[in-house]
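The structure that follows is given in the form of structure tokens.
Think of it as A, B, C and D in the order they're written, each chain with its own count starting at 1.
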Amino acid sequence: MTRVGFVGLGNMGGPMAANLVSGGCEVKVFDLLPELINGVAGASGCASAAEAAQDVDVFVSMLPAGRHVRGLYVGDGDNPGLLSIMSPDTLIIDCSTIDPDSARAVAEAAAAQGIAMIDAPVSGGTAGAQNGTLTFIVGGEPAAFERAQAVLNIMGGNIFHAGGAGAGQVAKICNNMMLAILMTGTAEALSLGVDNGLDPAVLSEIMKVSSGGNWALNVYNPYPGVMPDVPSSRGYEGGFLVDLMRKDLGLALQTAQSTESAIPMGSLAQNLYEVHRQVNDAGRLDFSSIQWLFKPELKG
Amino acid sequence: MTRVGFVGLGNMGGPMAANLVSGGCEVKVFDLLPELINGVAGASGCASAAEAAQDVDVFVSMLPAGRHVRGLYVGDGDNPGLLSIMSPDTLIIDCSTIDPDSARAVAEAAAAQGIAMIDAPVSGGTAGAQNGTLTFIVGGEPAAFERAQAVLNIMGGNIFHAGGAGAGQVAKICNNMMLAILMTGTAEALSLGVDNGLDPAVLSEIMKVSSGGNWALNVYNPYPGVMPDVPSSRGYEGGFLVDLMRKDLGLALQTAQSTESAIPMGSLAQNLYEVHRQVNDAGRLDFSSIQWLFKPELKG
Amino acid sequence: MTRVGFVGLGNMGGPMAANLVSGGCEVKVFDLLPELINGVAGASGCASAAEAAQDVDVFVSMLPAGRHVRGLYVGDGDNPGLLSIMSPDTLIIDCSTIDPDSARAVAEAAAAQGIAMIDAPVSGGTAGAQNGTLTFIVGGEPAAFERAQAVLNIMGGNIFHAGGAGAGQVAKICNNMMLAILMTGTAEALSLGVDNGLDPAVLSEIMKVSSGGNWALNVYNPYPGVMPDVPSSRGYEGGFLVDLMRKDLGLALQTAQSTESAIPMGSLAQNLYEVHRQVNDAGRLDFSSIQWLFKPELKG
Amino acid sequence: MTRVGFVGLGNMGGPMAANLVSGGCEVKVFDLLPELINGVAGASGCASAAEAAQDVDVFVSMLPAGRHVRGLYVGDGDNPGLLSIMSPDTLIIDCSTIDPDSARAVAEAAAAQGIAMIDAPVSGGTAGAQNGTLTFIVGGEPAAFERAQAVLNIMGGNIFHAGGAGAGQVAKICNNMMLAILMTGTAEALSLGVDNGLDPAVLSEIMKVSSGGNWALNVYNPYPGVMPDVPSSRGYEGGFLVDLMRKDLGLALQTAQSTESAIPMGSLAQNLYEVHRQVNDAGRLDFSSIQWLFKPELKG
């Protein structure tokens, strides 16, 4: 029976830990908010992250940002960090979406202690976390990637190996920047068509099977009424929030800065999302609501 | 036996007319360049567009720009235009890619003469023209759309009905603007990944099956060496030229202007293609060569 | 006594014609709206543009777009155009802001009739038209430029000679595209400062005398309360309307298209103005209201 | 006689320290590169930053980035940081251009020790450093701002007070982002004019006194041959390097991220500079060389 420690029990981490319990693991959990600890039925609550990291085969973290991950493992100020107390036999799986530099720095610090670590950011949202259908994009050594399979398979479906330490973060960041470009571009192309008299559903059908086809258009159409069961057809509720897309675009900008890469389309999408959030108070809406920026009359 | 008149016998029009001959039509052809007239084996060469438009069931035109199409049908200066001499029984199929305003204006002028007309811009390039596998996106009345099926089917495969007069142009313009956004965004996302240590092939595989999936990435990868048999793997030769993409993006800007639509992503892509053409002398390269703007070292 | 014909008596043309009367010219006026003809006290109303163009030393036009200017002088359809009836001794001054291609085409047609013509688009707004303080940017032959001085000096202050036919339009278009970039950039820089705790007036004072100094910041500050007597301090009323800036940006895009020039910053400003107009219903506000796009809370 | 400690003796810091010696201060200097220490004639070389910070009235630092400033004052790892050893009577002047968050954090840490600190980033380049004509934009308490006057006046001319701690950084960042927008926009406007037949010098003269006037156009014209004695007229040598502008634009992006501000024009300028650096290998050229991106034929 695999013993798993899990830290970070929010909207994503909570259901992921619960799935590990259901999947037959012996799970110890911790979060800074005590009520979240009790929320994972069947898991053993711990009084600290250090306690959750003791005597486990796999240790999973799901935290908001790079500074939290660095703090947890490497420590800061008087906090020594978990690496100093973990067993070298433990495999660390960090599922947080963070900047690649932090991911690489922590993986190097872990390696210096003889501890294997992978970065495994997820996509699939809270629904994927609950249903155990998350996608993991993994960075790390092949051996560590192999060791992680069993646990990752309990929490999700698709598992990709993107490369060495930090590569999971890079791949996710590139993908989500691409997604922002797809969504913004699709919204503006559909608006242009509608402004010129086209039916958005007809235009979508044509582009889907032509060279304009893309994920946002094909399975997540941002124009209300074109596709059932997507956020655009229920007032942009739920789905992948503008604020989460903005976080990922922020990571893309930060990553591009560190390698001095030009990302003009991604930067423009990021700024349009920022404007959208502000003028439409849209942070808590699905990210396909960027359609409003091009068709304010849809706002109703 | 369908009698077809055909005007405009360039890289696209020539093979299209030849396919009509092969497909069993009786074809009369004209071009301002006499040598192109002789290039269509099995067709009757004409001394003027007016001659080619006499006694035909269907009249097809394939011209560079809106002013040529207006000049051909409506006339300009001392040239009266074909509408004044064509039989009302003739169906006009304009396969040119032009601005929707011109397409609508000519279709209205035709309707005023009792002549049915559709705009049917194509995609699929010279290879599609030669192989008879073009895609047609049609604007016009349903009845005219039906009448055009037989002839269009000889020249191509997919045939879409986008809406009324001009809608074929609008849909093609929206699609190709989307394509420019996809290609530019894909090139920049792949560069960002490579700059951060990822293998472009691995990153492409991951994004293809994730939410970053899109036509440019999936079937026309711009990064050299990732995909065989695409222009990026043969020095960006052939394919869909930067200059042709620039023409279509120009139509997108013109169309957006006429309806006062915001197209920030499309406009940025258009400007990046303009810069790319200039700094890389890339007008005659495939449009996926935009990759060079983000990875100049690939230029070699 | 200089005899002047004047066509186009709107918000700009009316006061300009009135100033010519006050300045001692003998003025004949025409407009398609009869009530505007009567609005110019001291001028002789005419029944047609042709009548206003007879027996005058100078003929001035102030029209909305290139097609009107071409129609007036070169004619269209059954309308022969004024060039066919004007005396070669008449100097034509077209004060309309139009596309350079139209300006050049009409000037060439005039030259073919032996008639001298200059394009002389203005800046300075309705206040400048009323006060006779307009700026003229002139394209045309040096001799024609000299002949125009006396009349232009009655209507305005600064008179620039930008080059040959059409150069006045090009220079105005470049200037106003630059102005849109200045205003949008200034609005976003001030917002960034305010978001980070700075007083917009203090930041403006620093940038004005530093390398960020520019016309929009220095004399037309878009942030409310920083500068008295500018539109930002009276709810963005009056001034230079968003819709007029959008017209000029449209000409910039059209001009850039015709010469295949890259204008990424101008294009982005144009699209941001389009978004601003739509989401803030801002077409009739002063163009410095673009500040709202970056600080929606200022909208109140 | 004012006693000054000075750390960071590079291209900027070295001449600044030398001017303090010339200006009558008693100066102690330190740099990680020993040869730079000896380069400041008349100053006392120190073996450590801590030694330079002992028994001084004012302590000046001129370092590359926020992490160096935090490391110097607050410490990192085993390095305790100067704040723990400095006298509360010492005034700290940090002349580095860094992110506002770091500036504020260090100022707060200093205040906690009872030590007054201002951020005072400079503009004016190496020439300004040598000639004592730098501009300082200061953030900090009014009292500290007053105490710093004497020393700042030795090193520079204009001294601005932008606000509280970090405000100097914010103001400089906003100004330099604006400058990047001015330069990029001016380069593209001039190219548009030239592409349409205008003389860049004539167009510049017109825009300078019109609403397109701005610092880049007026005193630092990017088009070769328009203005003598600026980098554009000597092959873009010297001046303010593309790499330095890129650093400042990076700080602008980082600052905008931290306050969730939209800076679409600044972001586009940043990306265009990134593309320019790459395709034109332009990092070590003056930042007005962005003109090449719009007029590659000028590259020669």
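Convention: a residue touches a chain if its C-beta (ideal position, glycine included) is under 8 Å from a C-beta of that chain, and two chains touch if they have at least 3 such contacts.
Note that the structure is predicted; figures quoted are calculated from it, not measured.
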item: Neighbouring chains shared between subunit C and subunit D, ordered by label; value: A, B
item: Interface with more contacting C-beta pairs, comparing A-C to A-D; value: A-D
item: Most remote chain, CA-based centroid, reference being subunit C; value: A
item: Mean-CA-position distance for subunit B and subunit A (Å); value: 39
item: Geometric centre distance via CA averages, subunit C-subunit A, whole Å; value: 51
item: Centroid distance [mean C-alpha coordinates] between subunit D and subunit A, Å; value: 37
item: Sites on subunit D at which at least two other chains make contact; value: 260-264, 268, 272, 275, 278, 293-294
item: Footprint of subunit D on subunit B - complex, ascending; value: 268, 275, 278-280, 292-294, 296
item: Subunit C residues within the subunit D interface of the complex; value: 100, 123, 135, 137, 158, 160-164, 166-167, 170-171, 173-179, 181-182, 184-186, 188-193, 195-199, 202-203, 205-207, 209-217, 220, 252, 255-256, 259-266, 268-269, 272, 293-294
item: Subunit A contact footprint on subunit D (complex, rising order); value: 246, 250, 253-254, 257, 260-264, 267-268, 270-272, 274-275, 277-278
